[in-house]
Amino acid sequence: MKMVKVIGSVTSTIKEESLKDFKLLFVQMVDLKLEGKKEYYVVVDTLGLGEGEVGLIVTGSTAKLTDATKGKTVDGTIVAKVDRLDMDKNVKT
Amino acid sequence: MKMVKVIGSVTSTIKEESLKDFKLLFVQMVDLKLEGKKEYYVVVDTLGLGEGEVGLIVTGSTAKLTDATKGKTVDGTIVAKVDRLDMDKNVKT
Amino acid sequence: MKMVKVIGSVTSTIKEESLKDFKLLFVQMVDLKLEGKKEYYVVVDTLGLGEGEVGLIVTGSTAKLTDATKGKTVDGTIVAKVDRLDMDKNVKT
Amino acid sequence: MKMVKVIGSVTSTIKEESLKDFKLLFVQMVDLKLEGKKEYYVVVDTLGLGEGEVGLIVTGSTAKLTDATKGKTVDGTIVAKVDRLDMDKNVKT
Amino acid sequence: MKMVKVIGSVTSTIKEESLKDFKLLFVQMVDLKLEGKKEYYVVVDTLGLGEGEVGLIVTGSTAKLTDATKGKTVDGTIVAKVDRLDMDKNVKT
């Protein structure tokens, strides 16, 4: 899984039939200090995360393994909201 | 999904049989300000996007999940046209 | 497989049903001197690695091939603990 | 698909049984000006491209979808020869 | 496929059951001059390559397509030993 921060949302009227019911979030990968990296994805959200919140995404074929995304043209899905990150104090960052 | 801008098209006469009927677009990944990154893909378009327009692509095996691309040698497909991107105002870019 | 160091753990209360029973570790890729690179993953651990320990992860669909992760929304799993790394003495680093 | 230029070929006597009949080309990713990037692949060629020619490759499981590569240990295949690339004149490069 | 050089080996006592019988090599991606890049993998070797030798690896689900790796938790496998690389003389490096 990759750890990301929700930084926006995408509105699309013309899209694949199978994407019709999904909320599309614009997310940014974060590092161990939760600071944004220059890597962005648009992902499906079924957990209801809001802007600024941190979550975990799965990509590739795994993104289609949730009940909601089965068989859909989806290659990125939020699967968890991150409540807390406990870091080893000795990590050099 | 990845957010991209259509920046050109590819003409190919010698190609895999299963690619015969597709329009191939040359797309560039964009960041949260819609500025182009140095990452390019050639993707199949079934939605009719034009040059300069912004869309979402799926890659890998998901690219073969649309009605049009099923079973084809395709690993990148446009699945949505982006109408609007709403960004969190606090995002550092 | 990718070689990583365990640098922390992730706590999540709201998550996909199929992730309920897993311990989620925050890992950092390491190079041939075991120094951390700027590439991070959150992975499932079924072997019991602790902070600072080095292991191997599989990503993508392979991450769902262990007995514990079969059919789960998991795209990164620890599959080995690294005891020793023997390097060719002539490698330029 | 990724756009690449053929820059060499690979000779291998010891290899997986299923790779026995393939010509292996060394290709380099190109940008929108067809200049080489520092990203290389070795791919199977069934279309007969020569050195210096530009083509499209598929990677991952899609590389095994052509008639020739079905079931083989192949994760990169040339699927098209690029005849012409028409770029939007307003693209900043 | 990716071209890599064998630069070491990994010893692991605690690992997934399905990895028990494999020799795990530490490999480094090489460029067209066979010089090492800062990209490393741990892969399964069934061909018997030694340190300093150059080979081709497949990654992702393709890594499980050899007779030896079928159904195993493996996402990187050596599938060829590179004997010779013939480069186009006009390539800018």
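Labels A, B, C, D and E are assigned to the chains in the order they are written; within every chain, residues are numbered from 1.
In this text, a residue touches a chain if its C-beta (ideal position, glycine included) is under 8 Å from a C-beta of that chain, and two chains touch if they have at least 3 such contacts.
It should be emphasised that the depicted structure is a prediction, and the values quoted were computed from it without experimental measurement.
Visitor: Using the touch definition from the top, list the chains contacting both chain B and chain C.
Guide: Neighbours common to chain B and chain C are A.
Visitor: Indicate the whole-number Å distance between the mean C-alpha point of chain D and the mean C-alpha point of chain E.
Guide: Computed from C-alpha means, the inter-chain centre distance equals 19 Å.
Visitor: Which whole number of Å gives the spacing of the CA centres of chain B and chain E?
Guide: Computed from C-alpha means, the inter-chain centre distance equals 31 Å.
Visitor: Give me the residues of chain D that touch two or more other chains.
Guide: As it turns out, chain D has residues touching two or more other chains at 60-61.
Visitor: Please classify the inter-chain touch graph. Allowed labels: line, ring, star, complete, other.
Guide: ring
Visitor: What sequence of chains forms the ring when you start at chain B and head for chain D?
Guide: The cyclic sequence of chains is B, D, E, C, A, beginning at chain B and stepping to chain D.
Visitor: Looking at the complex, which residues from chain C come into contact with chain E?
Guide: Checking each residue of chain C against chain E gives 1-3, 31-32, 37, 47, 56, 58-62, 65-66, 77, 79-88, 90-92.
Visitor: Provide the residue numbers of chain A that touch chain B in the complex, in ascending order.
Guide: It is residues 6-16, 18-19, 24, 26, 28, 36, 38, 40-43, 51-52, 60-61, 63-64, 71-76 of chain A that touch chain B.
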